[in-house]
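Take this structure, written in structure tokens, and hold onto it; I'll ask about it next.
Labels run A, B, C, D, E, F, G, H, I, J, K and L following the written order; every chain starts at residue 1.
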Amino acid sequence: MRILFLNGPNLNLLGTREPGIYGQQTLKDIENGVREYGEHHGAQIEFRQSNAEADLVTWIQEAQKSADAVVLNAAAYTHTSIALRDAISAIKTPVIEIHLSNVHAREEFRHHSMIAAVCVGQIAGFGHNSYFLGLQAAMAIIQSREP
Amino acid sequence: MRILFLNGPNLNLLGTREPGIYGQQTLKDIENGVREYGEHHGAQIEFRQSNAEADLVTWIQEAQKSADAVVLNAAAYTHTSIALRDAISAIKTPVIEIHLSNVHAREEFRHHSMIAAVCVGQIAGFGHNSYFLGLQAAMAIIQSREP
Amino acid sequence: MRILFLNGPNLNLLGTREPGIYGQQTLKDIENGVREYGEHHGAQIEFRQSNAEADLVTWIQEAQKSADAVVLNAAAYTHTSIALRDAISAIKTPVIEIHLSNVHAREEFRHHSMIAAVCVGQIAGFGHNSYFLGLQAAMAIIQSREP
Amino acid sequence: MRILFLNGPNLNLLGTREPGIYGQQTLKDIENGVREYGEHHGAQIEFRQSNAEADLVTWIQEAQKSADAVVLNAAAYTHTSIALRDAISAIKTPVIEIHLSNVHAREEFRHHSMIAAVCVGQIAGFGHNSYFLGLQAAMAIIQSREP
Amino acid sequence: MRILFLNGPNLNLLGTREPGIYGQQTLKDIENGVREYGEHHGAQIEFRQSNAEADLVTWIQEAQKSADAVVLNAAAYTHTSIALRDAISAIKTPVIEIHLSNVHAREEFRHHSMIAAVCVGQIAGFGHNSYFLGLQAAMAIIQSREP
Amino acid sequence: MRILFLNGPNLNLLGTREPGIYGQQTLKDIENGVREYGEHHGAQIEFRQSNAEADLVTWIQEAQKSADAVVLNAAAYTHTSIALRDAISAIKTPVIEIHLSNVHAREEFRHHSMIAAVCVGQIAGFGHNSYFLGLQAAMAIIQSREP
Amino acid sequence: MRILFLNGPNLNLLGTREPGIYGQQTLKDIENGVREYGEHHGAQIEFRQSNAEADLVTWIQEAQKSADAVVLNAAAYTHTSIALRDAISAIKTPVIEIHLSNVHAREEFRHHSMIAAVCVGQIAGFGHNSYFLGLQAAMAIIQSREP
Amino acid sequence: MRILFLNGPNLNLLGTREPGIYGQQTLKDIENGVREYGEHHGAQIEFRQSNAEADLVTWIQEAQKSADAVVLNAAAYTHTSIALRDAISAIKTPVIEIHLSNVHAREEFRHHSMIAAVCVGQIAGFGHNSYFLGLQAAMAIIQSREP
Amino acid sequence: MRILFLNGPNLNLLGTREPGIYGQQTLKDIENGVREYGEHHGAQIEFRQSNAEADLVTWIQEAQKSADAVVLNAAAYTHTSIALRDAISAIKTPVIEIHLSNVHAREEFRHHSMIAAVCVGQIAGFGHNSYFLGLQAAMAIIQSREP
Amino acid sequence: MRILFLNGPNLNLLGTREPGIYGQQTLKDIENGVREYGEHHGAQIEFRQSNAEADLVTWIQEAQKSADAVVLNAAAYTHTSIALRDAISAIKTPVIEIHLSNVHAREEFRHHSMIAAVCVGQIAGFGHNSYFLGLQAAMAIIQSREP
Amino acid sequence: MRILFLNGPNLNLLGTREPGIYGQQTLKDIENGVREYGEHHGAQIEFRQSNAEADLVTWIQEAQKSADAVVLNAAAYTHTSIALRDAISAIKTPVIEIHLSNVHAREEFRHHSMIAAVCVGQIAGFGHNSYFLGLQAAMAIIQSREP
Amino acid sequence: MRILFLNGPNLNLLGTREPGIYGQQTLKDIENGVREYGEHHGAQIEFRQSNAEADLVTWIQEAQKSADAVVLNAAAYTHTSIALRDAISAIKTPVIEIHLSNVHAREEFRHHSMIAAVCVGQIAGFGHNSYFLGLQAAMAIIQSREP
């Protein structure tokens, strides 16, 4: 099981950015925890982050071949990127949408996700646990699709 | 850890209602699976279902004392019930919103959740796995709040 | 042919409530007329009324087994109840939406029906005749579906 | 009892146009069935069809004198024609709005009827039976208005 | 003078629910104060509470005979219940809408009252004093209507 | 207790303007009644009326020093005046919004109050009794704030 | 001065249609009055009416050559006809929009005029005097444009 | 016949303000022309202008006694003033709404008139001729109301 | 290859109407150019124009048998005609939507095409070249559908 | 260089009104600072404040002659006053819009400025420095316009 | 004639991505076909693709000098990119907007093009033929602009 | 004082792009002027430009450490970039939003700024002076924050 975690803009600031809201773990901390848990359960984990919409689009495209599932925290691009939506639609690899915060409880413009309709499902609001829940969901989906 | 699973209208039909969409497991099947998993991890599980909004409101109120976390699949009431929202706001027990299907990919009127803003987070789209992910999220939240 | 007539909130007041608008017949009067006409044409008629959304939801669910067609005057719940809509979607028994008054000529909030999209069709504006037209539509649908 | 059936644009294609949706009966077939049923019950039936909004407006105007009730399937003009609405308002003859398909379950722009507020009532979704139900509704209205 | 006070969902939690907002008086405390004041001024007071929309609808219906005025805190159902609106329209007994908090200063979805247009008037924002003001308004209305 | 009653545009016409709607009492009649009641209960009453938004703004500003509570019938300016809203926000003296008619049952543009969110509460629909209820609410607020 | 009066759908019913609203004059009566007044002031008057949008479009096109000004009561087509708007834009002859009733005080859908932005001006609400005011406006415009 | 012409904000600038749009006549020029024409036809003309909404409101109120008709160019207040609307509603004297420019062809926010629904009718787009047409409309209305 | 070009209202004015915008070619000029080009490439061209919506609807209906493709410049009816949309849906002959001007760069109400969703594609903004591009698109579609 | 600073409603309260938000400087303090800075750079400064929309309109009109630039803090009238907008459009003197607070970060109804489209530019959010930046902008504009 | 074809995000997947919708040709295939056709008619063709909005912006900027026309398939950025719109506005080189699919028949958010208003025209819905039609349109525009 | 000026897409074209609107100064000219003025007043100036949203996001992130204030002309990204907004929220360095043109007087889609709510303030409409005013605002903010 190869599971690719993609992280969008400003997530490189985790741990230093408003820790009261986003927690004190850095993205690296989360990556380490997820990798450890994933490898323990037989999943190979890859983590990437970029502030550029195009990088996320390209990585999604490549996941068609390089991954069995994608866990995507698209951050700000969640709400506006039709390009990401199109990329997700174009591949067969299942994509799971995650968010650290409960986007439904924040500003109005964060209530709508442009990508939700083409992802398998959405997990939002559980802090760094959203990554672990995303990992578990990914593993369950991969296993249910295997013959 | 006492975790209360509340299920809204029409979920009593699971397994027989459009199994192509909702799967072939009945609500009882899911309850058994969740109970087994929960008890294995030290959680005491209670499952209830009702077609009445008032029952859900009352059960949420009682959860203030009887549960450490609530996993709520409010089904149709998700989108319209201010009474449920007020009940969730009124208690300190954390409530996790779950959905079998990816509500964001369905009809427009299912995109907005009246209760999302007062729940801890939302898990949607993973079929019966949404219940297991909800259980894991609940356990993580309870543990993180314990001294 | 078993045909179930379900009546929503405030319809128990028929005959006494604004008779200038709703006519002087009580729901019992209408029931008697419909039953007589139905039995004359070989249809077994059952009439129920409730002010509770949950009762209507449950009765719709049961109609899957107990009726060949449902004639539903959901009254106020017509415009807001996603739970009723989900229940109608969940069963195979055809449901016909009726209204005493011409809802399209009344307040703005009565112009939209939440259940119309999942019913076979809609009959509105013919006073107590809406029940007889609903009965005739139901009989025609049942007959057209029989082998 | 003189009852006038008016049919709007594209209804001349019935039977050949998407028979899966609209059925295999032509407008002539429906006319024959309705005429037979009507004459059997003492009603004189007239059927007309036009693709032109102005024809329908003029026929509605003339119905003031030539008919005791109008059964109107305005088709596409249902949703946009203020001229039809004004014509219906201008006459005392009751007008009944019918539709073959359940317009409330189709595209958004078909959910609103510009003429509904000035018609007696609406019957939609019962295929060619909508014409028979419209006929029965018309006969009931005429009879209830007679001294 | 018989005055009926009806209370909607979650009002049974008064005193314990967010006392910073709703005050420390329980609904029983308010009932006692209102009863004492009412009886002192010759009014017979009855207090009821339910989380169920249908209970409120039925109680409104019964008030046609059992009360001279109704003071209604519909809570969450204020904003969505067409059934309550229809029940209020159906009776001749005057209904006064009250709210503990200033609903106009809260979330957007609390700004619109579905029942306001069929009530005599609205009193909102005065905490438990809203009940006393509602009582005084009710007594004034009853007295002005008496011969 | 010094209580200032401010009245907006066209309220100088009370008694002569549509008495069927607004009653036959003039603003002077209401003032006399309110003054008598107020003085009997230890409150000093001042009444002012102006058609000018700026007068109302200035009087609100001055109330910071000259009054313990303001009862404001802003009439037409209720729905549009941000200047009034800002003035009310700028002072510590509590302001109570009143209306003779039930604004929620009138034209759409009267449903929204620009000042409601910064007033203590709203009383609407009780004719000249709205002034007496406003007075009682004001006295209760002043007394609850006194040490 | 050649002035063309064009009349849209249902205006052929004037005098018989809701005389309480539209007055007891027929379109012929108005035509006679306008012609007499116009000829007295040196204007040649032509009156036409049609229920067909296409007739009005074609007559507007021809007015480029046959008239010095057009007075247009487009009735129902006022609110929906882009074809009329395009025709008016395409000619240099000035067009004056008139209405018998005050369209701004009627249903919402009559508040917007699709043609107003390309007409010289609008006169609405003066009954048959709207035609005389339109005539006077037309004469003034023609005279002001003459060298 | 006493006819009062009321002019709103910035109309004191006529003749100097954007003469390409508003013409080179000052408000005084128009007043002189209107007075001459009016007196010639037996009407007594009074002209007033103010930049203050309250002045216009008060003048409208006084017109109940001092005028047989009002011709009102409310300028900017046309689109926002509920106070003007209420004043017009409160008097029996007919009020005619006029505009120099074709407001329907200008910015979106000028398309809606807050006062149109309570005026007799609207004349817009004929430059200074709008005043003469307003005068003629006023005289016709007064004459038609006289016994 | 039989290709039918249908032209809507006001296109008969081409060449004389605002030549700065629409060019100096008449519809006849365009027809000649298109016919020459078409015949040179083996396509039989037919051109029709009408100001009447009903003519366009009927011609579309007939194209089911008489043409292999339709190139439709529906002009003003593009934005409002559900009847045209229904006619296009009802036939199997492919329809290509063309416009002389770039409708997306004009008034807001021209941005939405009621027929676009049922046409093969849209070509807009290339002046008379839109007709030639439409012809080429039509020929390509016919050829790709041939066995 | 004559520069006129105009201040709208409630700005007379500066320094005492919510000093946490608006700072502790009074309008007089700001005036003194601005005057000193302006005179030092060769600009003659005039400061005015009013709660009345009409005063601001009249002052803007007079600025055509009496000032080389206007710095306008219209406060609450920013968002609603078409009269102010028309006055600004009517004069050639450039007007600069300023705000103490960042209006774009406050309530929704403060996001839209009715006057922004006719002002030279907008400066918002810099507290009393907004006045100094407005002064500098005004001086730069005057200098760039001088020959 | 130098013609630049720019392709936006996900178009690099053509041929492999949902071939049922987008066809089996790769972007390279289309490029080859277009180049051959273009060179045959004297046009020099350049093809570029990027997933990055900034690349497209920069290429558009450079086209001012390097191309005589641009054919732009902006894909997902069509609907959201103001930066692309500004770049197209900033250059004199004509830009033609193309789409493989009929965007007007797809999801609501694809109906609006942010760039259409600044492009010459739009071609949508003809599959890979959209590129050839775009090429022909480009050549026609270049030729019509040449002296 | 280190002040960072960030410039978004298409600003590299300044001076050549529509000089009638944007002036004839290039971005380099502005940079030189700003640097000279800034250094003269003790501020160290850095200027950057990119067409890529991600570059701006990254530069904003880095400004947390490398600058005491940011002056940001986000150009087209102003209106759509949630990523920029999140980056600005994530750092403590104050950010000032500037625009060359008066965005409030341009197309509707430029009226809303996605970043305004998280910036200190906004300066728009003063051409290249917007940069100098931004610089002065930045210096004032830095100085007011220093101990």
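Quick notes on this structure:
Just so we're on the same page, a residue touches a chain if its C-beta (ideal position, glycine included) is under 8 Å from a C-beta of that chain, and two chains touch if they have at least 3 such contacts.
Here the structure is a predicted model, which is why all the values come from computation and not from measurement.
Each step here moves to a touching chain, and the least such steps from chain I to chain K number 1. Chain C and chain E touch with mostly distinct residues; of the residue numbers seen at this interface, under half occur in both copies.
For this pair, chain E with chain J, the centres built from the Cα atoms lie 48 Å apart. Here the CA centre of chain B is 55 Å from the CA centre of chain J. Chain F and chain J have centres, each the mean of its CA atoms, that are 32 Å apart. If you average the CA atoms of chain D and of chain L, the two centres end up 64 Å from each other.
Shared contact sites, meaning residues of chain E that touch two or more other chains, fall at 52-54, 80. Contact between chains, as defined at the top, is found for A-B, A-K, A-L, B-C, B-E, C-D, C-E, D-G, D-I, E-F, F-H, F-J, G-H, G-I, H-J, I-K, J-L, K-L.
Across the complex, chain F meets chain E through its residues 102, 104-105, 111-113, 116-126, 129-130, 132-133, 136-137, 140-141.
Chain C makes touch with chain E in their complex at residues 8-10, 12-13, 17-18, 50-55, 75-77, 79-80, 109-110. Within the complex formed with chain G, the chain D residues making contact are 52-54, 57-58, 61, 80-83, 85-87, 89-90, 114.
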